[in-house]
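The following pair of complexes shares a single chain, subunit A, combined with subunit B in the former and subunit C in the latter.
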Partner chain A sequence: MLALPAAPAPVRRRTLLVGTAYACAGLMAFFVGLIAIYLQQRIDIGGGNTNTWLPKKVVVPEPLANTMLLTFALSSLTVQWAVYSMRRHNRRDTAWAMGLLVVLGAAILNAQSFIWSQMKLPIMGDTVYNVLFYMVTGAFFLAVVVGLILAVIGAFRALAGRVGGDATEAFSALALYWHVLFGVFCFVWYVMYVVK
Partner chain B sequence: MTITDSQTHVLTPGSDSDALVSVGRWATTADHTRVGRLFIGGGFVGLLGALALGVLVSIERIDADGTAFLGENSTYQLSTLMRIGLALLAIAPLFTGLGLAVVPAQVGSPSIAFPRLAALSFWTWLGGAAVTVGAYAANGGPGGAGEPVRLFLVGIGLVAIALALAAVCISATVLTLRAPGMRSDEVPLFSWASFVTSSVMVLAMPILLANVVSLYLSHRYGQIVFGDASRLMRHLEWAVSHPGVALYSLPVLGVIGDIVATSTRQRQPLRSVLIGAIGLAGILYFGADVQRGLNADVVHQPNYFIASLAGILPVLIVLGLCGLCLRNAKPKVGAPIVFALAAGLMAALGGAMAMLMPWRGLGLVDELAVGANTTAGTVFQEGQAVAFIGAGILGLLGALAYWAPRIWGRRIDDKKMLPLALFGLGGTVLVALPLGFLGWKEQPLDAVNFTIDGPASVLNIIVLVGYALLFVAALGGVGLVLQSVRSGEHGATDPWDGQTLEWTDTPLSTVVRSAQPLLDRKDA
Partner chain C sequence: MFPTSSKLFFGASFVAAVVAVVHGLVSGDVAGIIVLSGVAIIAAFLGGVGAWSRDGQAAIPSGGVSAVPSAAAVSSSIWPMVGGIAAAITAVGLVVDQRIFGFGLVMLGATGAEWMLQSWSDRASADPAFNAQLRGRLGHPFEFPVLGAVIAGSIIFAFSRVMVALKEMEATIVFSVVGLVILLAAVLVAMRPRMSGRGISALAGLGAVVLAAGAIAAINVGEAEHEHKEHTELIGNKSVANKANTIATVKYHEGKITFLHDDAEFEDLEVPRATASNLLLRNDSDETVLFVFESVKVETDAEGNTKLVPAHVESDPVGPGKAKVLTVNIPKAGTYKLKIEPIEGGDAHEREVVVQ
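Then we have the complex of A and B:
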């Protein structure tokens, strides 16, 4: 007797990934909004000139910001490594990658905190720059904290052996969020630490 | 045998425990229909409140030299609350609720994407709305003073987050949870319009949030960035006026398309053009690119010109193509189609008024001083916004009359509903046109003290009548909805002989094989 033909493969819905993509679009719009406000004030008050815009005696620690950028690039690679391992059901490498991602994420937060401490910039100062600088960098700090919490959850799930299937989509969604964070940071880095 | 079941409590209908359980179920629900109904209920409360404020502010505007019973600053604050309320606390949540309730059924999905997120969005919106109104009560709105101003900004921020979260749920549903075989161009028009609206909201609401965050920080730390609360509306205006305000009523275009096709039993001709027109509306009604807080001269720049002149196009295309349907077949006349067409006309009125706004010589959107506060222009803007809000109210009432059997299982009394269309239509016209004229005469927005030529008092009385009619239409709509929910006629499975998937009994088992864009159960 001939066997019945195999049923068609179920359609992959990717709802979580699509939802995350929308959330990422919203996140990008939020930072575009914040940075547009920063740049407009820079033009209105500082005349678009860095020297007149920055408060006196404030030194923006560029090397720290560059280190942060490189760390972010590395973390973006790491999260992709986690997705790669997850797709191959490699629990050990997934756990390693996620662990490393958590460490790099913490390093990014540490670098941002260090930048704030080095600048010794009071949030309530004489200039508009103070508030706007903390607004953009603080909002980004919070976005990284959210990513880090998701990464920690992902790391524990990987350690618990949840690999393949829906977990892969969840990791892909996390990776998408992290890549978008990296993209946003490139923008933040250029505006806040290069153009200032 | 050991019985391990815990003892069950038998509840007597009508007892306190029964009511408590019911409240608990509603409070913790993640069912998309219930969350949608919660949004609709909350939106109706916001709508009635905002329209009541419209009446109050209109009374104040009758006497151009002073205030009747409110102070100048209080009137300014209430006027801003009315405009914010109509947009963010009424029309936006009403269509969000309708989308949450109807879109999954229309695309053949048993649930919305991320149902708990949808529930979270409602409670966040409710909290944000309550905080916003509470802040106003404590003199914290635009033009207010002290810490309540920050509370107001927190409230608006929560509302923006909530609307963005709900928008993610609706967009993801249309993209990923369609019935097997349903192509993206076969999505029913209301779902498509909700998808377009939601996708744009996902981008616009975070920008509103960015504004709110910057205003909050500025206000919290020395007010040196944006000054005191007298200039708050300058930074928030774009979210509640042209062209952004039209975005909240955009789903009306989909409501018109679906109801006209069903009423005429016609497949929609040139459906791809209709889909393109709704997509174009999403682009034109984005609004966040014309922020006066960022660029005071933006109203004289190309993007504002394009949005103003082309904004009417999508409405005309939808009305024109629906007109083809109506020409080809006599429609089954009922409340849904009457409300839908009235909504279309009001959207066209809003689009036509928008075409006048960017012309520098008319001075319709010039910034003016209102006492100690700054407005974003004249009352022309309010009139134009109310035209789109009126379209939203009419479209929503028509949509509820149409989809009530699907949302809560009972029909709304068609005969009682019909006269409300006249109230809604008349009210919108009586607000929009006189305000348009008064705006041309440079009556400032949100102001009670002004000097203009002509019969300002008479026209402001007409505006008052218009707001009162709109209030009656909304109140009547709410009354009929409540009556329907409590004791309405049980709706048949498909009372309209509908053509879209939400009218099928078992959408899950439906594999759509239709090559035609408009889905028909006969094709399924």
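Then we have the complex of A and C:
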């Protein structure tokens, strides 16, 4: 008969944060790969020239993309405000910051949807540009949706009074994910909406 | 100063950055530069997170957390890394090849099972040796046969690639030498029964690396031409093997279309009827063009009657200095048109192609 005592439950410290960092690294690698394919195709097919690369009559709405970038910068600040408040057990400010983050996240998704509707670009067009554009922006849209779901959960936890301790760790992980999303979007914005 | 993971990732970041610079200077390949730079940035990011969180051991900065008890010892695990690789293979396979995608899924499933098994055994008792024994008792009956089959299959595949890449005489020499080396290695192991497991592992590892390198090189070289192999005919003979080959190269340069085979120009391009035939389209002009093949295809109406209708097969846009393959399959013999249309407008050029 085995009579050894059961092992004590392992104590986790910053496991969630480190795990999130690895997930973020995967996310970054995914977008780096997509953008690399996009730029390579732009050179192979369009000869590196925006005019020959973009399908005819397609206008990329740059002001909308710039608004999206600024909204992202604001949301990145907001999520850090939430972490700051959480560390100081300030439940009210944490709830406000998380609520604002959810609103800004929704605004980002709305801006992306509006860009798609303004461009009126069919998914399966005559050139590979259409597919690549939707691949990059659509994948990023999904990444923001994931962040928004985490933010909604965090907002409810803050409203329910879960502040300090492990909850801080969860918020730090969310903040890390959101900052990485912002960094990735800077890259996506420059390639898809500025360089095109 | 820096915890272990930071040293690893900062080192990897530095190496990737150097490789990106060298790759950029040597090849100028944009995708490669971006990917390698991305690897450098991502590794630096992970190194930064590792340093900041002290490999995840730093206390959570939350207004006066009490002292945290030391963590229970858990065995080191390769499954997170293998799982990451499996996920990457699955994602790449989704785009590149269904077989790679399937392999990735199988790898993901196996990783999940192994990870759960290790996680379960780590919590079985406070004695790591007993936990490892318990894990082995449950896992080894499944792992060893599968691992053996995978290794045997890999060896067979690698040897087959090397064999097909060599000519008859070369194959005889190479495999005589390989057989001799394996024999000598076996004699060495047999004469030194006290040879450590680590030494044998190193020997086997070295052999695996050499075999893998040989297989990769052989795949790059391709199949060797043997004396009994017939000279490739210009016109495909409708065999399955010929479907994979290009029957001719269509070159577009300074408004002129030329037909080439083995770099020799010829006048009339003849394509076999009712056979999938590949044409290599080479754009040597300084504009992006489409290659368009105007022909016919079989269409079946609602009552099941078939008729021939005009068909329009076109390539993806082909950039300056680039090449693409266009597959055509014409059901009816005749003379058809191969057109070159510049994407930005301008005069189209055409030549006749005979289908027989």
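We take it that the second predicted complex is superposed on the first by the 184 of 196 C-alpha atoms of A that agree within 3 Å, B and C clash if a C-alpha of one lies under 4 Å from a C-alpha of the other, contacts with A are read in each partner's own complex, and residues count from 1 in each chain.
The working rule: contacts are C-beta pairs under 8 Å (C-beta built on N, C-alpha and C of every residue); 3 or more make two chains touch, one makes a residue touch a chain.
This structure is a prediction, so every number in the text was calculated from the model and none was measured.
Asker: With both structures lined up on subunit A, is it a clash or a fit for subunit B and subunit C?
Answerer: On the superposed model, which is not a single observed complex, subunit B and subunit C clash.
Asker: Identify the partner contact of A:30: answer first if only subunit B is touched, second if only subunit C is, both if each is, neither if none is.
Answerer: both
Asker: If we overlay the two complexes on their shared chain A, which of subunit B and subunit C does A:169 touch? Say first, second, both or neither.
Answerer: second
Asker: So, A:161: does it touch subunit B (first), subunit C (second), both, or neither?
Answerer: Neither partner.
Asker: Scan A:13 for contacts with subunit B and subunit C and give back first, second, both or neither.
Answerer: It touches subunit B and subunit C both.
Asker: Just checking: does A:128 make contact with subunit B only, subunit C only, both, or neither of them? Give me first, second, both or neither.
Answerer: Both: A:128 reaches subunit B and subunit C.
Asker: Taking the superposition on A as described, I'd like to know which of subunit B and subunit C A:22 touches: first, second, both or neither.
Answerer: In the superposition, A:22 contacts both subunit B and subunit C.
Asker: Looking only at contacts as defined up top, I'd like to know whether subunit B or subunit C touches more of subunit A.
Answerer: It is C that touches the greater number of subunit A residues.
Asker: State whether A:46 touches subunit B only (first), subunit C only (second), both chains, or neither.
Answerer: second
Asker: With the two structures fitted on A, what stretch of subunit C runs into subunit B, 39-47, 183-191 or 219-227?
Answerer: 219-227
Asker: Across the two complexes, what residues of subunit A are contacted by subunit B and by subunit C?
Answerer: 11, 13-15, 18, 22, 25-26, 29-30, 32-33, 36-37, 40, 127-128
Asker: If we count contacts the way the header does, which residues on subunit C are in touch with subunit A in the complex?
Answerer: Those residues of subunit C that touch subunit A are 30-32, 34-35, 37-39, 41-42, 45-46, 49-50, 53, 55-63, 65, 68-72, 74, 80, 84, 87-88, 91, 122-127, 130-131, 288, 316-320, 322, 343-344.
Asker: Using the touch definition from the top, list the residues of subunit A that touch subunit C in their complex.
Answerer: Of all residues in subunit A, those touching subunit C are 2, 4-15, 17-18, 21-22, 24-26, 28-30, 32-33, 35-37, 39-40, 43-47, 52, 86-89, 127-128, 164-166, 168-169, 172, 176, 180.
Asker: For subunit B, which residues are in contact with subunit A within the complex?
Answerer: It comes out as residues 113-114, 117, 164, 167-169, 171-172, 175-177, 180, 199, 202-211, 213-214, 217-218, 221-222, 224-225, 288, 293-295.
Asker: Under the touch definition given earlier, write down the residues of subunit A that touch subunit B in their complex.
Answerer: Contact set of subunit A toward subunit B: 11, 13-15, 18-19, 22-23, 25-27, 29-34, 36-37, 40-41, 123-124, 126-128, 130-132, 134-135, 139.
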